[in-house]
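Presented sequentially are two complexes of subunit A, the first with subunit B as partner and the second with subunit C.
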Partner chain A sequence: MKQVAANMAGTVINVLVQPGDEINEGQDVLVLESMKMEVPVQAQASGKVVEVKANIGDFVNDGDIIVVLE
Partner chain B sequence: MTKHLEDTLHEKIAKVVQGGDAKYHDKLKEQNKLFVRDRLKLLFDDEFMVEDGLFANVMAGDLPADGVVTAIGKVNGQTVCVMANDSTVKAGSWGSRTVEKIIRIQETAEKMRVPLLYLVDSAGARITDQLEMFPGRRGAGRIFYNQVKLSGKIPQVCILFGPSAAGGAYIPAFCDIVIMVDKNASMYLGSPRMAEMVIGEKVSLEELGGARMHCSVSGCGDVLAANEEEAIQAARSYLRFFPANYTLTPPTALAKAPVSTAKEITSIVPENQNAAFNMHDVITALVDEGSFFEIKKLFAQELITGLARLDGKPVGIIANQPRVKGGVLFVDSADKAARFITLCDAFSIPLLFLADVPGFMIGTAVERAGIIRHGAKMISAMAEATVPKISVIVRKAYGAGLYAMASSAFEPDACLALPGAQIAVMGPEAAVNAVYSNKIQAIEDPAERQAFIQEKRREYQEDIDLYLLASNLIVDAVVPPSELRRELIQRYEVYKEKRHVFSDRKHAVYPV
Partner chain C sequence: MRKVLIANRGEIARRIIRTCKARGVATVAVYSDADKDLPFVREADESVHIGPPPVPHSYLNVEAILGAAKSTGADAIHPGYGLLSENEAFARRVLEEGLLFIGPTPEVIGQMGDKLTARHIMETAGVPVVPGCEQAIDSPDEAAVIAMSIGYPVMLKASAGGGGIGMHICRDEAELRQAYQSAKGRAKAYFGNDAMYMEKYVERPRHIEVQVVADQHGNVIHLLERECSIQRRHQKVLEESPSPFLDIATRELLCDAAVTAAKAVSYSGVGTVEFIVDEQKNFYFLEMNTRLQVEHPVTEEMTGIDLVSLQLDIADGHPLSIEQEDVKALRHAIELRVYAEDPVTFLPSPGTITLYQPPAFEHVRIDDGVETGTQVTPFYDPMIAKVIVSGATRQEAVQQAQKAMDHFLITGIKTNIPFLQEVLQDDQFRAGNYTTWFVTERGAASSKEKR
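Then we have the complex of A and B:
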């Protein structure tokens, strides 16, 4: 199973994909706020979204799985 | 001399230049690899080639050239020295003559003061020959000693076509740049088999020390090439930026305008300080069309490093990338910058810093990883660089991020700012929280509290107003984005006359 992980620690301020979406590698899936910056997180693989594990307001750490792909 | 002797010689030469047995040549084809002499044909401009030690170990019968070709040829018209492993001969392993040949080509490169390329494809030491090739004065250790001694005197380039194992893995480590062929190249101290035997770890070669891993995770690789041709072309392109040695100035090329499809900088950089944008677009808008050669493209992408040309002249670019991790500096990005700055400074390539940086990362993970000492490396390399250096504050530069990007205190030849630039210890939100935290907490009415915060942020903005900074001579010029390229070209033209010696001490005690 493929996954998308957060690439830095921060707070989720926007979720750009939902289960069922087909996403491509490099596509923005979520926006974090970290270091006062809006940090888009890109998909590290392509595939169909099965689950979005992060909600707006959640704190995520570097390496946390935020999206699960088929 | 009889015709017979010459014929015999031709026969002997013909045999040696074939390399190892046919079955090993078949294996090369299976792996999408080229024979060492075909690699050299692709690398060199033409037929010009001088080779020593062709008959090394010829008496052994089955070790043609002792598994390494050492030659002098031309790359972009420049004389270069090359050592190239032949993996059809005992998997490119090193015997005593192999090592002696490598040492000699290094000595030649040093005497000639010309670039040295290492075309690596080797299983490592021949353990059966260890007494002759491993521990002595002219054993393999001398190869690395020479590499360290040559570092910064002549460009040293490594193209990794296959394995670079155990001690041999230090050849790439001591080169200025390591170009790795995807799927085939690998670097490791202990093989997967050894990892399993010694520490019990089960891992694939690709995961343990593959090209992609090294180019994106460990940072040991600089350029990931899809195949051997691409890798060799990358080495040729890279060398176009470099002088033959540190006493010369880098070669110039025909000047070109930026690519016609480049966006205007004003339209690339958002006014909102917190929004992401792609710094690659800014670089594209500034540099000569098609001239950007990115180094460590896949590693620590929050910072971009690469060579380019401005009006035909080489420049080394260090740019924060707000599109990735907000452009924040991390442990790896600081290392990446330090290394690249040192490379450019060694070979008289001017530096251009494009700053849009919220600062160095904070938090437990990076503190434990030693972000302070890694950041210190970057700052130290940047401070010591005596080539022309220009810092451009593209949008913001906060905290130690400002220092790391060659701001005023670090003797840039100029610190320039685009009109929207903000320079401060920290951004307005963080600063107001830091200074007025207690007061903000004490205001009970939410509307009143918000009004207080807004007022303090406004005051803070006034304090860091760009024209106030310019008025205090903190930035040397505020430049219209549309004129930035022209401004940079003119300034580098002026600063090329710069002669600056940083210190006469032996060397610094470097942060590592």
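Then we have the complex of A and C:
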């Protein structure tokens, strides 16, 4: 199963995809904020979104799985 | 002045407490839930909890901070840098409450905080400014016309922006039109003010700033320059003084221009006039920071002058105790900023510091805000420590910096120390030959090597 992991620890400030979306590798899927910086998280693979495991306001750690792809 | 409330956190709160203690002035720290265990909270004589971690509810919460000042009987507020330090409304509220604000007047903060107003004042005073537009731009079409007249590349800037936020380099009309829309939207969201302006983009610039000090009686002096060209994401990483790029004649012109700038706004307090300097050593006013600067220790270690102490004297209404002739570059000083971030991607790395062991050598000063066990939270700036070294020569200072970096042990979080070590070994850096492109160009070169 393909997944997208957070590239840093931070708070989710925007979710850009939803289940059912077809996404491409390199596409922004979510935006994290940490230490006054907004950082987009990009998909590390292409595929169909099965589940988005983070909501706006959630705190995620570096490496946490945030999107599951088919 | 008997008791100072410090409306800030971390290393700068500690730094201010140090000088207050030395002068016998009592201190009050304010803190959020996230910072309750940090050293600055217990080092202050008193501390007041002001709210939850997010800054709008704590360190930007004006009424909570003023309430803390009232309840502790503080008679002055030091805003540090960032946060409320350049907030005109805050300075005004402090004065309304009958307290001293350790900084310039609210009017000056307002004038220098608005980039267009600042630019206009400086141009009128004869301080060189970058060619650009004088008024806010109304439409992408107008932006295109102005860009044509000053010539590409241009820099599109949010009037209320700063620290690199809201700036876009545009090399042609297509880029400009695209950047205009997105930059305007972001400026509105970030600053609540979407006024945009534009100026000529200076290729391969240096960022050199001048420290000025002015009392409330019209006396203005400068404390020479700081070279701040080594930046990542438009934020400074390493600063040094004197600048290896300036010759004596340019230095004199630059420092005189900074004094002219301070006089033009009847400045009082310590402040910094930032310039960009092109390869031909032409310099242009960038902005004036109406507060203590993060990198102020570089000037302190170079000149032996305590800037926070000067701030307290000035706020108390004393005339300057030093004259221009007293200011000398006694040593070469370098500051390295240690950030809790990945040394390659520069992405933030919050977490718990499991071991913190700073270097302890002669001529190595550590201004830090953390210790072993500190939880570095994602709510605030990633800077956790500043290492300031000095030497009789630049070469000696660089060697001292290397020794300090080699002996700085931090575990549990990622830091940019490996990056700082690489900078110190870089040939261009060692030659003193670098621009604001240094980090970007080094990154490109090293990824090429790996391939």
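Just so it is clear, the second predicted complex is superposed on the first by the 70 of 70 C-alpha atoms of A that agree within 3 Å, B and C clash if a C-alpha of one lies under 4 Å from a C-alpha of the other, contacts with A are read in each partner's own complex, and residues count from 1 in each chain.
In this section, contacts are C-beta pairs under 8 Å (C-beta built on N, C-alpha and C of every residue); 3 or more make two chains touch, one makes a residue touch a chain.
What you are looking at is a predicted structure, and each value in this text was computed from that prediction instead of being measured.
Once chain A of one complex is fitted onto chain A of the other, the partner contacts of A:P40 are limited to subunit B, with no touch recorded for subunit C. Of the two partner chains placed by superposition, only subunit C is touched by A:T11; subunit B is not.
In the superposed model, A:D62 lies in contact with both subunit B and subunit C.
Across the superposed pair, subunit B and subunit C both touch subunit A at residues 7-9, 34-37, 39, 62.
Within the complex formed with subunit C, the residues of subunit A that make contact are 7-11, 33-37, 39, 59, 62. Residues 7-9, 34-40, 61-62 of subunit A touch subunit B in their complex. Interface residues of subunit B, counted against subunit A in their complex, comprise 274-276, 322-328, 330, 358-359, 361-363, 365, 427, 429-430.
Against subunit A, the residues of subunit C that register as touching in their complex are 233, 340-342, 345, 347-351, 378-382.
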